[in-house]
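By letter and in written order, the chains are A, B, C and D; residue numbering begins at 1 in each of them.
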Amino acid sequence: GEKEAPAAPEATEEETLVVDNDEVDKASLKEITIGLVTDTGGIDDKSFNQGTWEGIKYYAKKFELPEGNISFLQSTSDADYIPNLSQFSEDKKDLMVAAGFLFEESIAKIAADFPDQKILFIDAVVEAPNVLNALFAEHEGSYLVGVAAALKAQDAGKDTVGFVGGMDFDTIQKFEAGFEQGVLAVDPNMKVVIDYVGDFNKPEDGQTLAAKMYDAGVYVIYHAAGGSGNGVIKEAKDRVQNGEDVWVIGVDKDQFSEGVYADGKSVILTSMLKAVYQAAYDTSKLVAQDKFEGGTRIYDLKANGVGIPAVNPNLTEEWTKKIEEYANKIRNGEIMVDPVPSRIK
Amino acid sequence: MLKKRSHLTLSLIAILLSFVVASVVMLISGISPLSFFLSLIRTMTGMNLRAIGKEGFFNARYLGEFIQMAMPIILTGLSVGFAFRTGLFNIGAEGQVIMGSVGAVAVGILFKLPFYIHLPLAIFVAALCGALWGWIPGYFKAKFGVHEVVVTIMMNYTALYLGNFIIKALPGSDNQKTVKLAATSLLHSKFLRQLTGNSRLHWGFIVVIIALFVYHFIIEKTTFGYELRAVGFNKDAAEYGGIKVSSRIAYSMAIAGAFAGLAGAMLTLGTFDYGRVIGTFENYGFDGIAVALLGGNTAFGIFFGGLLFGGLKSSQTLMQASGIPLEIAIIVSALIILFVAMKNGIDLVFEWMDARKRSKDESH
Amino acid sequence: MNLISSIVTLSLIYATPIIITALGGLYSERSGIVNIALEGIMVIGAFVAATFTPLNEAALGGWTPWIAILLGALAGGLYSLIHAFVSIDLQANQVISGTALNMLAIGISVYFCQIFFNQQRTQTFSRGFVKTNVPLFSKIPIIGDLFFKRMYYTFYLALLLVIVTAFILRKTRFGLRLRASGEHPSAVDSLGVSVRKMRYTGVLISGLLAGLSGGIMVLTQATQFTAGSIHGVGFISLAALIFGRWNAWGVLGAGVFFGFSQIFAIFSKDIPILAKVPAEIFHALPYILTIIAILLFSRRSAGPKAAGELYDVSKR
Amino acid sequence: MEQFIVEMRNITKRFPGIIANANVTLQLKKGEIHALLGENGAGKSTLMSVLFGFYQPEEGEIFVRGEKVDIKSPNIAYELGIGMVHQHFQLIDNFTVVENIILGDEPGGILIDYDKARKQVKELSLQYGLGVDPDSKIEDISVGMQQRVEILKVLYRKAEIIILDEPTAVLTPQEIDELIGIMKNFAAEGKSVILITHKLKEIIASADRVTVLRQGKYIGTVNVKDTTEGELAELMVGREVNFDVDKAPAQPGEDVMVIKDLWVKDQRKLDALKGLNLHLRRGEILGIAGVDGNGQQELVEAVTGLRKVEKGDIILQGKSIINDSIRERITKGIAYIPEDRQRRALVMDFRLDENIVLKTYENEPLSHGLLLDEVEIKKKGKRIIDEFDVRSSEGIDTIVRNMSGGNQQKAIIGREVDLDPLVMVASQPSRGLDVGAIEYVHKRLVELRDQGKAVLLVSFELDEIMSVSDRINVIYQGRITGDVLPEETTVQELGLMMSGSKEVTLA
């Protein structure tokens, strides 16, 4: 008896964002079972675990999967990855999903131990016939919010924006790189302050880092720091309530609501969406259609893998249009966004 | 002092009480204790009592995973127990595990050796690092008379950060983990894996068995063990008898640390094959406290206590799968510590009941 | 100046929960009961405060966090009574009891998050405490920038608690009796003062303060409660208590210093000579310093003499 | 019927495994000094703890001023005007005198009125001539002064009934006289005093009446003027007592151990021995007389190696031993019977045989290299318990905690004598033992002497010193202030030397 799918921690708008250009009838799909193994963040991490779970839930709802066909196992430490993955594999889930490069070793081992188990692996790559890897072009989406940050700062006569990362490694560096390029594309003289919290779950340190940046004259902070980013948002809210003018750019999902401080006013300028739910949804459907194949899929701007929210109350129409222009240039290859930040090279 | 009721009885009472309290918590929150116990049994025996006679009744992987999980806990239990026998409270096993892991990782990465040297060296260095981390508070206690509890708590955090620093500083590491250790340094076993349905069971259990015997042997059979026990029961008398109390305290903490260091080796050389940056404690040391208390600081008792805690820890997957918040396992562990700690109190309750019975008998 | 004032302000913000919890520890240890459950009590306080806030903030508005930390304090107080009962009445080893309660706190709080919210954390709240420029005071040159800008009012609460504690311990009847219980319990009993009551009170106050502090910590430094919300601050507080030599003003100093060393990791990157020092070193600093301090103090006797010892009235 | 200010009727108090008071009665008249006499463990302190509200008796009734009372706590005792000076001082070292005195009954409201407190303490001190400085810290004042603080605590609470539990153990004979004076003052003022002691002379000198307890039982109450020391002793121990120890005259040989200008610090890092000199000869028992706290503890610990020597030398058979470890000294022939046997000499949770090998477990054949030889250890244990008649329920397998005090002491003596030492250091070897056991201990010490060993006997009991020693050294403030022969001195003279008023040196 598997755990029934718990209610969503918080109602989010992601579901409606799932794009499906190939609408099919429920009858043409097998009734599949899906299991998500989370890392220690859990399905409520406001980041990729949560996003993935929401994609799965959206699929289950849309195609009316019976209760209990989707389930998750949360890992309390990385020592749990393998037992949890083994559990689902033994339960013969039609599709097993895991997100985050931390799973790399474990997925490789499980993929070998259970060659019939279909696996969706998000954010890193394991080469195996039964693993479909989903990679996201975070740098492309980050480029767009970089543009937004620069436009907003220019408008306010400010010359500095900032980036707060969770931990300093490849995936997060892609956010940094895209943001920096986006900012400089609008205004080459703009300063971009870069810093990392060193942890995805230390909101207090995120807050302190934000305080430090704002005190040093940073106007807009783009955070890619998961739970630590909540501290960045909190600092901005506190400051705005004391009459200061500062902004935050959210990450992974539309964080507008998290930045609300008074009557629908939010410190969130815009957000960089990373549509992990899209990957979860797409892959579930592939499995249900018996079309699942190992390999790697890139979710970039073109594939609706990244982007900014459709509605951005804090951006002017003019800015939104500008951003859309840049987006089109990226889509058609006119602009190539480099995933490696300048400081690394 | 409890002389009348055996430690075994009190331990069983403590376990029973914790299960009762945890069951009440589960019932109040609308969760079936039965599923909890079935998960625990399934993890510790491999048998699914809900599927007797059906397919999937037995799964050897659970057994392998469970033993694999119990190994470091038995070792930290030995660590805490060893110190207890010398009258010392080693809250520092947590930090000693971390330092042991780090030591094993460093050897695994930095050296290129044939396995018959590499593996023993990695295990030895793990024990050594743990020993050092235990020796420091032991030495401070012996030399300056500072209490080991506070120092070991501080050493735990120091180990957490220092360990992460070293892991990141090793060649090839990123912010999360090191490169893979050389295969020659690992305890992994294809044979054991296949035997147990692809679990992560590894050769470490041999180390654990040896450690259990060594523990028993040192404590019970050697002059050194005699000295440690004398110091543990009564430092003043030990000193009077000519035993060098300070050095015994320092050695005892070092040996305790070595056991914990071995636990670190089990994790990095057995469970994993790379070194990890950890965000927070993984509670192997704290479980060790529970296990030592439960096992009455004997090798035998610690072995069984370690199995129980290993079972609790590794049954979390199945608990989740049956809709039980995995935290219930933590609650049970904590309650066991609490109830074992209350053994004086439990004894008092018995005494009080005896006395009441006696006075009743008298009044008749 | 900007840099200095933000370092000072942030240090004080980090110091706030450390100070309050350490004051709690002070009451307990002065009464003779070692309380390493401070961390766990903070967890309970944080959990309760963070559970209350999102459920009531719409209705209660700006009062929410204040009520929430009060409830956190109450919960911490109740929870600490377990420690009191187990270690005073049942004569358990105080360190073991504390260890168990630390574990239990995480277990219970996250368990009930799962039950209440179906997730491992509480819901996010939007009305935690808000950093404020204190009216009037923030206008004072320099002082205003350092101590009254973008500050949480809870810091001034901590300051007030330090003053009150110092006063109680030195000047009042209760303070004298409390200190005596931690030094020589049988002397206290022989004068007709119940050591048991004093110790229960000491532990209870420690629970109230640690619970309060946990609530403050989560409502100032986070937007929801998670298993990692307290992450060792209870133990840093224990260190601050020792570093501050079981004395309210000492605790204030140690708390501020440890607060500083926590945020310093974040600021050191901008200071050329320190930029190369890994953040881990700064994180480990309070603990290493505490070990050093303990070694230095070891020559002179410090701390309540009877703290941690079993005291059994019948075995006097 | 006469009206008693306190009457305890048929009190029974049990502890697990022992009846400390069995059906005990005590009647205290107003204005009298009433002694409570009994051997160690007779139940004196327990009875007074019942009166003071520490313990609740299982049976019996207490009347104060004719009214039946239920003394549930010391608070109620104080309300009834009962105060107690405890055998073990109940003072907080790092608090001041005033703080110690007012604790629990502080003047002022929530805030303590320290000025008022100080004034009250000063006045009381003046009134009874106690000479106590209210602002000193306890750790800085002498033991005698600390006792006066204890007395002040009682006076401060306006006690009419004052219990003094063995107040003289820590005092010099002269201080004892002063204390008796203070007690008589109290009695003259109409206060009633209960004096606990097992020293007969003090009773004769101070008390009006005396109640005797033996093994928890009430033996009787007698008027002091109608009795003698001998009679009291007989009541106390239940048979005729022979104060003399049977022994032939000593035949001392050459010096075995010489101590030269020894300086040793105490726990608080203050000088406890200040240039102590003594010598100890083969075949003699050298008694060290002195009031507790004059450096006896430090002396035996310096000799046995338990305490560091700051300066000076200890020479055993011509060689200095001050740099030797404890174990080395044991090997060289220093045996030690410590005064606190349960804390120092025994691992109470070890078996008897394990305790018997505490000093020799590392020697062949008890162990081989690192390995213990259980068989040999048991063999040795059996031999010792047979030879020294150590009795316990499970023989060598008995956990020592479960043995009686006398048998514990026999086991220690067996272990130490079996070391075949040159020097036996015996510190208060008869403390807490009944008369039979005391005789046994003394006999063994004399036997050792007769075998040509040297015995260093430390005791606070002058009677023991006088009857057992062949030669007496008096220790005062860390130095030997007298070297006399028992047959050539008196207790009074020793007392003067113990208080530093007189120095006598034998050639």
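Keep in mind that, in the parts below, a residue touches a chain if its C-beta (ideal position, glycine included) is under 8 Å from a C-beta of that chain, and two chains touch if they have at least 3 such contacts.
Just so we're clear, the structure is a prediction, and the values are computed from it rather than from any experiment.
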Relative to chain C, chain with the most remote C-alpha centre: D
So how far apart, in whole Å, are chain A and chain D when each is placed at the average of its C-alpha atoms? 78
Averaging C-alpha coordinates per chain, one finds the centres of chain B and chain D separated by a number of Å equal to 46
Take the average of all CA coordinates in chain A, do the same for chain C, and state the distance between these two points in whole angstrom. 36
Inter-centroid spacing, chain C versus chain B (mean Cα positions, whole Å): 29
Where chain D touches two or more other chains simultaneously, the residues are none
Each of the following residues of chain B touches two or more other chains, namely 279
Do you know which chain C residues sit against two or more other chains? 228, 231
One finds touching chains in the pairs A-B, A-C, B-C, B-D, C-D
Which stretch or stretches of chain A touch chain C in the complex? 6-7, 9-10, 42-44, 74, 195, 198, 201-205, 207-209, 211-212, 215-216, 227, 230-231, 233-235, 237-239, 241-242, 258, 260-261
Show me the residue ranges of chain B that touch chain A in the complex, using the header's touch definition. 59, 61, 65, 69, 174-176, 198-200, 267, 271-274, 276, 279, 282, 314, 316-318, 320-323, 326
Can you list the residues on chain A that touch chain B in the complex? 1-4, 40, 71, 73-74, 76-80, 82-84, 86-87, 90-91, 101-102, 105, 113, 167-169, 198-199, 201
Can you list the chain D residues touching chain C in their complex? 49, 52-55, 73-78, 84, 86, 90-95, 99-100, 102-106, 108-112, 153
Using the touch definition from the top, list the residues of chain C that touch chain A in their complex. 2-3, 5-6, 9-10, 14, 117-121, 123-124, 126, 128, 130-133, 150, 221-224, 226, 228, 231, 263, 266-267, 269, 279
